[in-house]
Every structure is written in structure tokens, then in C-alpha cells.
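The following pair of complexes shares a single chain, chain A, combined with chain B in the former and chain C in the latter.
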Partner chain A sequence: MRLSRKSRSVLTDIWLVGPATCAMIVLIFIPVIIVALMSFTDYQFGARSFNWVGWQNYIVMLTDPTARHAVTNTLVYAAIVIPASIFLGLIVALGLHHLALKTPRFASGLRAAYFLPVAATLVAMAVVWQMLLHPSLGLLNQLLAAMGQQGPAWLSDRGLVLYTLAVIGIWQSVGYNMVLFLAGLAAIPSDLYDAAELDGAGSGWNRFWTVTWPMLGPTTLFVTVITATGAFRVFETVATLTKGGPAFASDVLVYAMYREGFVYFKAGYSSALTIVFFLLVLLVTALKFGILEKKVHYK
Partner chain B sequence: MTGRIILVTALILGAFLMLVPFLWMLSLSFKDSAEIFSSTLDFFPARLSLDNYITAFTKVDLGRFLLNGVIVCAGILVFQFLFSVPCAYALTQRRFRGRQVIFGLVLAGLLVPFHVTAIPLFLALAKLNLLDTYTALIVPFVSSMFGIFLFRQAFAALSPDLFDAARLDGLSETAIVWRIALPLVLPAATAFGIFSVVAHWNDLFWNLIVTSDPNLATPPRGILYFRDRESGSDIGPLMAATVIVIAPMIVGFLMAQRRFIQGLAAGGLKG
Partner chain C sequence: MKKTLFAAALGLAVLAPGIASAEETTIRLHYSIPTIWANTQEKLATAFMAANPDIKVVLDGPADSYEDGTQRLLRESVAGRLPDVAYVGLNLWRVLQDRGLAQPLDPFIGDMKAFDEKGYGPAVRLGQYKDQTWALGVSASTLVMYVNPKLVEQAGGSMASFPTDFDGIIKLAHKINALSPTTDGIWIEPHDWRFQSLLGAYGGRPMTDDESNITFDNPAGIAAASLYQRFATEGGMKSYGSSEARQAFPAGTLGIMLESSSLLNRFVEGAGDKFDVTVLPMPVMAPTDKVYFPTGGSGMVMLATDPARQNAVWRYMTFVTSPAGEKIIVENTGYAPTNSILVNDDSYLGSFYAANPQSRPAHQQIARFAGPWYAYPGDEGVAVNDLIGAALVNVAEGANPETTIKTLAETVRTRLGMQ
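Take a look at the complex of A and B:
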């Protein structure tokens, strides 16, 4: 039987688009629906049945004194990493952009150094950080000891551990933000600076506030959103260095979701943690798509 | 002039701080344990010996971890291309009903971080008896929304006339996808490839969930097995192992900086 031209064309479309479409429905959309439903149950991996428990998982997560750490620590971690990483990324990008005018090769060498942590395997580098921060043998505390100071236990002190992890998070993400800012800076037309000069904004400080900063607006928003999603999903350093401890002092959403679900098999509770994580990411990602749309319109 | 000196000094100092972990890792990877545990601080090892590197390969199966990393990354990448390139081509160069709906789904899918789908995917793989297999490590990633998105942008910039000409020459749509469309968007393909390989080489989360067999450990998981087994007594070989694990990414980055930065920066579009 010969197929008509039209139905052959439809078959071709299905052949081209079908596999990816089926895969995304099975691997993304159905799982999202299931995890949302599971977050209202007390299901445990391996159990034969489950009960609907309404909002109970969410209530525990937000009110129980120990369980609450996962949410609050994630927010504190993000509140440190987001501004610090953006600020440092911008400073370094401004410096390198300026440097590249006269010594481009030197500037690109430095850029590579700043970007290196982004490409390196974070788990492996976290193990290296463990050595740097070791209470007695670590480089940092040995340096402090040489100056007559007793260094703290950076990763096992309850009051300190989250900040230590935040510093590692900043170290890892600055290079990424720098690269995005460098791209933003390269896109600013140089005649804007000439015009600012004519208008009397001659000093570097004035030029920054009248031209650079406003022109970087879209880049800065974009960088903010990316840094935020990155900070919300912090997992590798926590899993490698602290496992959420001591006493939940460094527990964060994604790690808690892993532990509750895959170590303690509390699938229902873990699903609720997942949904809260998802909502946080969704909030900032939605913002990002809004920005992207705008950028397209202005072109 | 002084301003410039201050700027250069500050930038060099900052870059040095960024590099400290890498330098310390290299330094420790050449030291023997007597030197590591000594109370004096020396950056340069007393002698350059590869003993730690040899120990890293003989004491644990580092070669196996690296091979697993290659198998998983290659498997994922091949499927991602097979699924996303034809889909992106059809979304831009063909007219059919549901095109907008499918693209809408791709955009919605971009918003979903992988972690969100982990629990149901784990359940399904457990039901299918696929835990502790390469399949479990590869299957969840075969269809990349980000890949479709990137390829769609690249294909949209190509002129439809090109493809009409190929059709007149009697080429099938499948042949057009792989022999004409893909070679025309190699920069996008490279950027996506780098993004995908870096992401999956470095991933710990999914390996931790679906495998318990050390023979299936990818490099980051392997490092953790090594560290936990030695419980901190064998720092030199452990650092040698970390050097080897990050080396492919670092060497790749230093050799193709522009492509690497493009690929990873584009990854920011992903949820």
C-alpha cells in the first residue's frame, strides 16, 4: 500500500519529534506530577501501601525545630553566596576588562585562573578543601598557627560550618559570574563612554555609574538568577564535607531530600522537600524568562 | 599609573587565592606521608615522586572510575544528540500541527531541575530492576530540553532554502538532519557537548542514588569511596586521585577556553 504524501509527511514528523517528546513526558512531566502527589502522602520506599496526610509533611518541614534547618540554612547560604559571588564577579570582570585593553594575553591568563574552579569537579575539589581546612594539618590553620593564632574547626563547628560552605560556594561560582559580566561589558558600545566624557562624567567612578552600571542591568539580573538557582541546589559540598552536620547545622534542602528519601526511605516527606526546592527555583527561573523576553523585544 | 599597579596586584592576588586549592592539591599529591604529617609548612615537595599516583591506581580501581565516567558521559551524550537534534530540526524547519505545543513543553521542561524528578525515576528504575546498572545512570538524561533549546536556536538561524534544495536532490529528512543540518551548527553542538560532558562527569547526586556497587562509581563517587576507605590516613594518594579526576576537565578547558566558556555559560539558561 502506498501512503499518501500527507500521511508520509506526518510519519516523518513523528519520527523526528516523537522520541524526544515521549522521553520528556515520561522522564520529566509525569515524574513532576507524581512527586507533587507523593508530597501529600506518608509513602515509604518499599512499603505496600500509603496514606494521604494532607499538608503534614510541609508543616513538619517548616515548624519542626530540627527539620526546619534544611529550609532556613538554604536561605542563609543563598543570602551569603548570591550577593558576594555577584559582587566579586563584577569587580573581577571590571578589572580584567580594563586590563585587557593594554595587555590582552595577561588578562586572559588571569581569566582562566578565575574560571578554573567552575570547570573542576566540585566533589574532588571539596576533598581538597577538606585538606586545606583540616583543624590541625590544614594549610589554613597551619598558617594561623604560624601567626600565633589557634584556628577553629572550620567544618565541625556548629556556628561556623555554614559560612565555611558558603565561602567554598563563592569560590566555585565567582568565575562563572565574571565570564557573564565580561560578555556584558564587551557589549557596551564605546561611544557611550565618549558621550559621557563630553557630558562631564570624566572620572572612572562617574563613568561606572552613568554608563557601565545601567548598561549592565540585564546582565546583572541574569547573573543574579543563575547564582540564586545555583545556591538553592547546593549539594556536592554538603554531601562531601558535612553530610548536613554537625547537628543539622549545615543541612540544606537538596541534601535533606537525598537523606530523607534515599537513606531513610521516607519518600513522602522527601517529596515535600523536593516541591519546596522546586518552588524556590521556579520563582527565580520565571523571573529569568521574563528578563530574556524583554531582551529579545529591545532588539 | 599607581592605579594600574594596584589593579594588577589585586587581580593577581585574587587569582592566586582562587588557585590555592589547586596548588595545594598538586603539592600534596607529590609528598609522602612523613612530609604531609610533618609540622613544617613547605609548598614544594622534598622530591618529585610519582609514588602517590601509582598507589592511586593500584590501591583503588581509579581506572575503573574513569572508565565509568567515560561510558556514562558518552552514553548520555550520544542519546541526547539522537533525541534532540531531529526534534529541534523539525521544530524549526518543518510545519506541523502541535509544533508550538511541543516547543512550549520544551520550555516548561527547562524549568524543571533534575533533582525534582529523582524520586519517581528512582521508583521506576527500582520496579524495573535496573538499579545498579549503567542503564540507570544514563536513561534519565537521554532527552535534554536544554539540548533541544540550543539546537532549535541554531537551526532557526539557517535558511529554509538550503533544506528545500536538499529535498529536491532527493535526500530524506533523516539524511538532511544528520548530513546537512548538524554540520552547519557545529559551534552550538560543541558548546552543548562540553556542557553535557562537564555536567555529567562532575555529577554526584544521581550516582549516589541509583548505585551502591563501587564498580559503577563515576569519578566523583570514586573519590568519595577512596576517601572514606582510607579514613584520612592516605592523603597523598587521595590528592593524586583528585588530580587525575579533574585533569580531563581542566586540560579540556585550557585547550579550548572559548568553547568551554561558551558551553558552560549557555548552561545558565537551564533551570
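Take a look at the complex of A and C:
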């Protein structure tokens, strides 16, 4: 039996899209549905039975100060890390892009150095940070002491710990953003700069605003989405350096999820946190694509 | 076809140990913290199998910490492949008992009095809840004072006349702290077990015996919490995290550290030639019959449900907690033993104490004042530990101890459903 051309092309489509779709349904959609169902139970990890508790877990989340703390901390962390690491990533990329024209060897060495934090295992790096930031033995505070300053407890001072973690977060993502921006810069055709110069945009500042920045639009959008989801998902530094402490001062959403589920064994409540987090990231991503995409020049 | 093959293979894999059990029983064993336990577990299993050739002990790959280990056991229970016997933290066996995974041990113990006379009393008492035995305590640790004698002498104190009450200790810590900007007087972690220990030093208990009410909001609890504030304001306690403090003490910049006796070996190694790590017992601030110190460490639970395996597991458990087994544990881990014969009879550990004199104060404190590490009951039991820790941070940073502890007790009661 011969199939018509149209039905053959439909079959090809299914053959191409099918496996990935199946994998997505099995590995993402079904687990999300199970987690969503679990968030309406009081299931305890390893327990033999559970009860349906309706919206109870979500009500607790809204009223519990610990949960609110985790949400605020995540937002503060993201509000610092997202703009700072995008801005610094762009500055470094612009610098290296120009440097590469004069001393390509030196520039590529620097590029590798900036990229190192991305390639290194964060957990191992966390140990290094811990040693650097130790309140009395750490290199940083020893230097401060040599200058006659008493350094603070970077990771165990309640008012400071979140900002210390944010700086580590920036350090970690600047390299990645830089590489993306460098790729974006390399793709800008040089005749655009010539044209801009003819039109009177002579100064570096003008060239940046009229050519570089608009042409980097798609890259910036992508970098923003990547950095934002990364910042909302912050976990490793919290888990290895502070365990959310002292007194929940560095508790963030993903760590709270882990703690409730795997340390406190409250799988139901942890699922509710997961669903809220999932919706939050979904919302941010949708907003960004919905609003920003319209203002980005792709061509 | 593939499926049936797979099922057949699976069936064979399940049957295989069953066939072997005609002559010998194989029991699977779970343990955590390989850095402390790996060698000891191998030695215990070897010694046990030499004495019991009809039982084979297989060690599962260890979990990193007792918390990780408990999670793994819970996961394995969901998958239906629990090990037969497991070492768990003394504050965590209740999680397994709560979920019906730990098997009651009383049928195996039989006559409790005879069992106690064989030295098993302390092991049993660490694993009891409401007059039933669910775990046997294997290794014990207790909160002790680690002291840096060099700093004490520089501050004008002496080890011979070291203060035995908290007022004296705080005064000494103040002097050590004033030595230089890089020295700290004293440190204790804002943590449930440490708080329970200070509470016990003042003769208090965290809960009533039937676990129906919180009792740490009494004068003993307020005194214990106030220590955190006095340590911070008078004794120069910094807001270290636990790993930071555990680096500072062996480095020689921290004068007095109230920590678990299980860290002794690590501190001695870390301090090297810099100073002689000295262990002192905790101050006793109430009549001795009221004082107790909650015991940390590990215990064994029986998870096997098959009678033949249960018997094999029971033989293993009684071997490990016998003087012969406990001797292996003490000599290899530095933990205190849970067999009373071993503690009272120097023929077992005399040479160990001669070589490790700093272990003795901790072991004596356990022999005199060992008490249970209260685990808060119910679904929120583990979660409230962090609330207690957070409240102690607040007190150390200047919150009023009395109101903080009273509010905390109310919060904990609500969370645990006690009111």
C-alpha cells in the first residue's frame, strides 16, 4: 500500500517529533502532575499511607514566616545577581573584544580565567570560598587585619550572608555571560560601524548605543533568561556554605524545598513549595518572552 | 520476550541468596559516615563472621551522613529492598520506628534483667520509647569542653584550677578573648543537641516523659539559653558556623569549645604540635541526680522481617554491643562504649585509656550522666530542631532569653500539635 505524499510527511513529522515529546511527557509532565497531586497530601517520605489535606500545605506556606523568608531571600538574591552579572558580563566581553584586536594571546588567556568559575565544580569552589572567608583564619580577613580593620563574619553574620552568597553567585555567572556576549559581539558586521561613523556617530559611546547595544538584543534576552533561572535556582552555595543559616538568614526557595523534603521528610509540603517555585519561574519566563521579545531586533 | 527474560533474570537474582541460605544466612548491613566507620565496620563484620561461620554479613555502600542514610533507608523501603540491619543516628531511629520499619527487639531480649546483667543496659536504654526497645545503642558521644591550655595560661588561668561552673568559665573566656583581636574566648553551636545538653546541666528536660508537653521554658531552660547570650557578650563568642569553629579550634585561636566528644581525634590531629588538646567534663549546675547529658552517636535497628534473618541479625547486634564488639568500636572510632561491663572493667580498655587519656573524661561523663537525646515526636519533629537553633541565634545576638524561650516553646507546642 502506498501512502499519499501528505500522510507520509505527517508520519515523518511524528517520527521526528515523537521521541522527544514522549521523553518530555514521561520525564517532565508526568512527574510535575505527580508532584502537583502530592502537594495536596500530608505524605511523609517513606510513610505507608497519606491523607488528602486540600490547600493546607499552601496555606501554611503563605502564613509560615520561614517560607516567607525563603521567598524574600530568593527575590533579593535574584535582584542583585541578575543585573550585576549581566552588566559585568557585558563590560568584560566589550573589554576583551577590543583587547583581542591588539593582544589576542593575552585576551584569550584572560577569557579562560573568566570562564574558569563556570567550568569548575561549584561544590569544590565552595570549599575554597569557605577558607577565603573564614572570619579569623581566612585570607580576606587576615588582609583586612593587616590593614588594621576587623573583618566581618562573611558567611555567619545574619545581615551579611545573603550578600556574600550573591557575590559568589555573580562571580560564578559572569564568565558564562561574557562568553555569550562575546559570541554576540563577533556576529555584529563591521560595516554597520562604518555606516554609523558616516552618519556622525563617531564617539565610542554613540557607536555603542546606536549599533552594539541594539544588535546585542537577542543575546541580551537569552542571557537574561539564563541568568534569571539560574539565580532563582540557587542551591549549591547555600547547601555547602551555610545550610540556609544562621537562623534561616540565607534560606532560599530551592534549599527550602530540599530541606522540607529530604531533611524534615515532609514530602507533601515540599511538593507544594516545588509547585509554587515552578509557577514562579514559568511566570518570569513567560513575562520576559512576552514583553521583551517584542522590543528585540532579531534582524 | 525481552520482558519475560528480564523477569526471569530478576527472579533468579532474588532466589540466589535463598538457595545459598541452605547452609548460611546472608544479612545486608547499612551504615553511614565512612570517614569514621569504614574500617571499623569491616573489622566488626570479619570478627563476627569468624565467630559465626553460618552467617554472612554484606556491607552496603555507606551513606555520607546519618541524615543521608535515613533518607536512603526510606527510599529503599519504598522500593521494597531494605537492608536487614542498619546503623542510624540516635536521634533518627524514631523516624524508622514511626514508619513501622524498625522491628521491636523485646521478643529477642526476653528477660530484660538477665540481659542488663550481661552489660547491655546502656545500649537498651538508648533505644527505648514508651517501654519498648527499638534500637540498641552502639557508640555514644556527649558534649564536652575542649580547652586550649596554651591560651588559658596566657590569659592567667591554669588547667589545675580550671573553673567548674559557667560563671568562672565565662570570666576565663573573657580574658582569653582579650588576649588579641584574633583570639576568641568560647564557642558553642546554636543547635538543639547542644541546648539539650546545657539544659541537662541545669537539671532540666526538654519534654515530659510521655512526650505530651514541652518543658524547656522553665528556669533551667532560660538559664541554658542565657548562656548563649553571656558567651557572646562576655565570653567573646563569634557567630561562627560549625565548620568555621571546627577550623578555628585546632588552629589555636579559640580558647574553649563546647562540642561533641566524637570530634576528639580530629581536633588532636588538627592541632598537631601547636598545643595539647585537653578535654574536660561539662560543668554540673544542679543536684547530680537531676543532671543528665543527652547522648549522641549511633544505634542499630533491625529491619529484617523474615524470622531466619531476624535471628541472624539479632546475633550480629548482640555481638556488636558485647564487650568484644564494643572494644573494636572504641579502639577504632574513639566513641564511648555502650556496654557497662566494658566501662567498669579495665581489662578491656586499660591500654586504650593509657594511650588516649583525653578519651576518659567523655566516657566517664557518659557512664555517670548518660540520658536520651530527646527527638521531638510527629511529622514536624525534625523541623522544630531548626526553629530551636534559630531562637538560640536570636538570644546570642541580644534577644531577651526568657521571652524568646517562652515564645519558642509555644511555637514548638503548636507545630507538634501539643495544644
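We take it that the second predicted complex is superposed on the first by the 256 of 299 C-alpha atoms of A that agree within 3 Å, B and C clash if a C-alpha of one lies under 4 Å from a C-alpha of the other, contacts with A are read in each partner's own complex, and residues count from 1 in each chain.
Throughout what follows, a residue touches a chain if its C-beta (ideal position, glycine included) is under 8 Å from a C-beta of that chain, and two chains touch if they have at least 3 such contacts.
Since the structure is predicted, the reported quantities are computational estimates derived from the model, not experimental observations.
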- Task: Could you let me know whether more residues of chain A are touched by chain B or by chain C?
- Result: B
- Query: Does chain B (first) or chain C (second) touch A:Arg48, or do both, or does neither?
  - Reply: second
- chain B versus chain C as contact partner of A:Pro83, first or second or both or neither: neither
- Message: One more residue to check, A:Gly245. First (chain B), second (chain C), both or neither?
- Response: second
- When the two structures are overlaid on chain A, which partner does A:Pro189 contact: first (chain B), second (chain C), both, or neither? neither
- Message: Looking at A:Pro104, would you say it contacts chain B, chain C, both, or neither? Reply first, second, both or neither.
- Response: neither
- Query: In the superposed arrangement, does A:Glu236 touch chain B (first), chain C (second), both or neither?
  - Reply: first
- Figure out whether A:Gly217 sits in contact with chain B (first) or chain C (second), or with both, or with neither. neither
- First, second, both or neither for A:Gln150, with chain B first and chain C second: second
- Query: After superposition on the shared chain, which partner residues are touched by A:Tyr264: those of chain B (first), chain C (second), both, or neither?
  - Reply: second
- Contact residues common to both interfaces of chain A (with chain B and with chain C): 45, 137, 262
- Note on the structure: Counting only contacts in the complex, chain C reaches chain A at residues 67, 71, 73-75, 77-78, 95, 99-101, 181-182, 184, 190, 238-241, 243-244, 247-248, 251, 253, 379-380, 382-383, 386-387, 389-391, 393-394, 397
- Message: Residue numbers of chain B touching chain A in their complex, please.
- Response: 7-8, 10-12, 14-16, 18-22, 24-25, 28, 36-37, 41, 82-84, 86-87, 89-91, 94, 96, 102, 105-109, 111-113, 115-123, 126, 139-140, 142-143, 145, 148, 173-174, 177, 198, 201-202, 204-205, 208-209, 219-221, 223-224, 227, 235, 238-239, 242, 245-246, 249-250, 252-254, 257, 260-261, 264-265, 268-269, 271
- Query: For chain A, which residues count as touching chain C in their complex?
  - Reply: 42, 44-48, 66, 130, 134-137, 145, 150, 153, 155-158, 242-243, 245-248, 259-260, 262-266
- If you look only at chain A, which of its residues touch chain B in the complex? 9-10, 12-13, 15-17, 19-21, 23-25, 27-32, 34-35, 38, 45, 92, 95-96, 98-99, 108, 110, 112-125, 127-129, 131-132, 137, 139, 142-143, 146, 171, 174-176, 179-180, 183, 222, 226, 229, 233, 235-236, 239-240, 254, 257-258, 261-262, 267, 270-271, 274-275, 277-278, 281-282, 285-286, 289, 292
